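The same chain A turns up in both complexes below, where it pairs with chain B and then with chain C.
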Partner chain A sequence: MNTRDRHGSSAPADSVTASPVLDIRGLRLRLPRTARPVLDGVDLTVAAGETVALVGESGSGKTLTSRSVLRLLPPGATAEGVVEVAGEDVLAMNAVRLRALRTGTAAMIFQDPRAAINPLRRIGDFLTESLRLNTGTPAEEAERRAGEMLVAVGLTPAALRRHPGQLSGGMLQRVMIAAALMGEPALLLADEATTALDVTTQAEVVALLGDLRDRFGTGLLFVTHDLGLAATISDRVYVMYAGRIVETGPADVLFARPRHPYTAALLAATPRLDAPRGRLNAIDGQPPDLRAELRGCPFAPRCVHATALCTEEAPEDRVFTDGPGGPAHRVACHHSDRVRQGADHG
Partner chain B sequence: MNFLRFGLRRLAEMALTLLAASFVIFGAMYLAPGSPADFLLSGRSASPAALEAVNRQYHLDEPFAVRYFRWLGQLLHGDFGRSITYRTDVSRLLADRLPSTLLLVAMALVLVVVVGLVLGRIAAVRGGAVDATILVTTTLAVGTPSFVAAVMLQGLFAVRLHWFPAGGTGDGFVQMLWHLTLPAVALALYLIGMLARVTRSAMVEVLGQEHVTVALSRGVPRRKVMGRHVFRNALGTVLTTGGLIVSTLLVCTVLVESAFGVGGIGQLLELSITTKDFPTVQAISLTMVGLFMAVNLAVDLAHPLVDPRIALAPRRSPA
Partner chain C sequence: MAETVLHVSGLHRRYGSVRAVDDVSFSLARGGSLGIVGESGSGKTTTARIVVGLESPDEGHIRIRGDERTGRVRGRAARLARAREIQMVFQDPFLSLDPRVSVEAVLRETLRLHFPGIDHARRIAELLDQVGLGSRTRDALPRQLSGGQRQRVAIARALAVEPAILVLDEAVAALDVSVQAQILNLLADIRAETGVGYLFITHDLGVVRCVTDDVIVMRQGRIVEAGATERVLAAPQHPYTRLLLESVPRPGWDPHAIAAARRALHHAPAGPDRTNGQSTVLN
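Up next is the complex of A and B:
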């Protein structure tokens, strides 16, 4: 079933690959009563049909980054930089274009479907409301399309008549995904989309997302703190710390040979089934406070490789390629040569 | 089916509650100081014979239990007894007086629901200075007792501006509407303030919930989100105040009817209490209890329609 063609909108996936569906350049976000930007010069791209993971600890800014793509900014926040979705700057849009973006071009799948869907309205109403209210699609046609989307995510159209309380968490997350697909988006944002689900349901939802991405050619930005999950599903990975991208590269390269001490520490802190039992390798210290100014590298106070240089001067991006013509692996660290996975924190 | 079973069960519960209420009401009058005979014969030096005649006529000389069950038996036949003061059937008195009270309460209820919900919604949606203004106004309204409001409204709109009559009930529906406007406003004022605040805080609570953000993130216009999600979800909380609103209206109508000289059962109740007119007081009290229970039943039946998560179940079953 190729819905995209049937409805005659959007070009085939191939022609879009040239320009990314999401292109964030120098995004800087300030919140009221903070000393430093909560997002500090974020650069990130997602191509059509590509899965990109954005990882980091809680509070690193990954959720704010993904929400900026729909201009869902916290009250009082000011944003600089460019957030282009399908070539159009989200931060500069007027209200009408913004609604069009949210209805069609980009859609977000939220962490907790139980909280994200109004418990008092029927699933059918949730799925179709954006379409009916914004595009004037007749109710019957919107319902029919919602039924198709439910089938696409492995549910039956009978769920349209149900209330959220009558479905399980996993089923609700499928509903959430179906809702995101209703507007035929070029870009899907999954914000911890599987965190609230149990492990088997999580695997099903991840498989479903991959399947849908292949079928509809959407770009997928997967925000997660689960490194194992990021390694499994993504083509490329961005590692975020204190509002900055500290390392980015192809998933296999980055996880096999992390070049930023923070990435290495995160990997070392991930519990493994094959490792001997013992204390988990937590990273010492806390992420920097938003109320304090930052000089130098934000990770320096927690970093085993930190030198005087690190606290003085913010590191520039260094680019590594694995062999000529290989994909770029960018690291913002003065001492990235010293990082060996497992050797530092393990 | 579930609806029907729930309704029948609640009706049975209501009958039992009414029975208990009837006992309390009858007993309270029995315990209250003074007797109708004293009132009827006040100012006159009553001969023991006259006193005995009155006592026998109203069965005042019989034991409590006998009187209670006689009264109860009459009630079941729709006979509320005879008024001592008016010397006529109480059911006749009620039939004459009830319509103006019901109209007054209905008018006040419409005012409370419409104005209260609108004010609360505006305060929640607009916020800022509008919210603050509404907060101050509703605080004033909540702080004003209905009899004070009655005097103020009479002074301004009846005495000074002559827009509305200062009192009376009026004949015919249109005249009644006109006469009852000021009393309805006086009756509604406090509850408008209360309902506006309940609506506002319920909406503010829903506004912070994630599904509101999600609806906005899907391009649903803000105005629609406010109606379809925020206001809609706040209605359940608002509905729970329905019983309180109607009971407050029934209680305050006694004061307001007296202040405006509206010939309803509120005024009748006040007069009957001062004249120790036992049968009338008992009949009105029981009618009010019945009305109050009917409203609570309606609220309970409506709740699952407003919030599908609430299943119809007898209240005593554990959640």
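Up next is the complex of A and C:
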């Protein structure tokens, strides 16, 4: 009953023909007082019923990418490119369409449920508010639907009359998922949605998200810093570094045989239960500062394979097909053929 | 077996009706590294706070190098004496460093407090070198440093007094993977060089495996399993330890089975698996 086994095989094959629920093309985001774009040509798709992980460290731009799907941009930001949700360009939407997007088509679950909910109001008020205000659904009908959603996430309708302070973190994150599902979204964005939870609770929430995706055919974009989690739950993975997608491919292929030195180095730096004990292969140095301009590959200063070419010229995507008919494995590296799991960093 | 620097026996701490710490005993050898793992509410942080003297236990004893150290420390001299024996590093160095004080001044202040009247320039340079901070960071303020650098400063400050024990409370939890690896390697080096003992509080089993010799697993205030880290992680005896291990995402991970196991365990009473003779408590 593994999530990947049950869905991993079918979803990506369908996604080749189906139009994606999320299609980001060439997204470039600039912030005031920075020397380079914080997002620099991001391409990313999520198909209906597909789970996609977006992985990166702090400052890589993974959260900005997921927030720009709802056009939640930082003050002063300018965006270029296309962000399409269910065929509609989010960056070009008027206020009315944007509101419909945020309350219906796409929904986001954040890391800290307590920061996203008013502690003084009942769970029922929180869940039904958007539906009543935006679709004019009568209170009784909205409450009934909220009760159904609470059952779908493993709680009981009795929780409607509770206040947030009366629920545990795991239960409250279920409420947030129920709230996200109230508008029947085609796309669910989970930004570190399980990071603040205990590991056993995380498993429950992940199991729940998998079930709900099957039941409603929702596309799921899972933003996380946790490589193990990304590998386990997703069909495809995108790895970000310094505002760029450096590698993307099927989750099993990408983690078994990474082709970007950064992905390989991240895997080698993660303390794992199944690797030999002893010193970790830390990545020296720091990610590039936003105040400095970038020439060439952003990872070059920290990369064991870097050559003069890497500091001169930004690498184009190379495409590998790891199996016949399989989804593409794209890597932005001049020397991806030199990367071998375990050889350079482990 | 090396000399014992920290010996904790029969700790109890209640908050109202909640038994936050319920009969906890363990010991830490000189230069050893003991992990305390558990989820939120397991009592691991309360145990750490009692050990460093930030909280006092209702019952139980703490001995450091054989001397009784139970209870809150009162008075300046006693506080300083305790601080020279045991130091703590927290999860978020941004909250534990004064935003207006430079790296060098942080270390100078600590050294002057404990060893007044001597020049500390050499010791400061030595500490910065020990935690891998270049001389260029000497004058930096906390906000000018990265998360990893700030944690290095916090570690340098803790080491300044040459404590026998360092309590690390989720000290690498907020760091990115690449930086976390640097800090974990640094901590391993420092232990090998100085012989300081670690009490390592964490929820991350991968981290525990990486930096500890022994581990205790806590649940609802009690120790449910204890032993050599390698043995406990390879062959867990208590169902809760097994659940924790199975919950770590990896190939073949089955969230539905974990959710079911968690519910089953939730209805079972907490506490050590008395029927299982192989569960041992470190003494």
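Here, the second predicted complex is superposed on the first by the 326 of 346 C-alpha atoms of A that agree within 3 Å, B and C clash if a C-alpha of one lies under 4 Å from a C-alpha of the other, contacts with A are read in each partner's own complex, and residues count from 1 in each chain.
Keep this in mind: contacts are C-beta pairs under 8 Å (C-beta built on N, C-alpha and C of every residue); 3 or more make two chains touch, one makes a residue touch a chain.
Everything numeric in this text was worked out from a predicted model, so none of it was measured.
Of the two partners chain B and chain C, it is C that touches the larger number of chain A residues.
Once the two complexes are laid over each other on the shared chain, residue contacts for A:231 go to chain C alone; chain B is not touched. When the two complexes are overlaid on their common chain A, residue A:52 makes contact with neither chain B nor chain C.
By the document's definition of touching, of the two partners only chain B reaches A:108; chain C does not. In the superposition on chain A, contact of A:300 is made with neither chain B nor chain C. When the two structures are aligned on the shared chain, A:172 is found in touch with neither chain B nor chain C.
Of the two partner chains, chain B is the only one that A:116 touches; chain C does not reach it.
Judged by the touch definition given at the top, the superposed model places A:70 against chain B, while chain C stays out of reach.
Interface of chain C with chain A (complex): residues 39-40, 146-148, 176-182, 184-185, 188, 203-207, 209-210, 230, 233, 243-245, 247-259, 262.
Of all residues in chain A, those touching chain B in their complex are 70, 72, 98-104, 107-108, 110, 112, 115-121, 129-130, 133-134, 163, 165, 179, 183. Considering their complex, residues 1-3, 57-58, 169, 198-204, 206-207, 210, 225-229, 231-233, 265-266, 269-274, 277, 279-284, 286 of chain A touch chain C. By the touch criterion stated above, chain B contacts chain A in their complex at residues 209-211, 213-221, 224, 228-229, 232-233, 236, 306-309.
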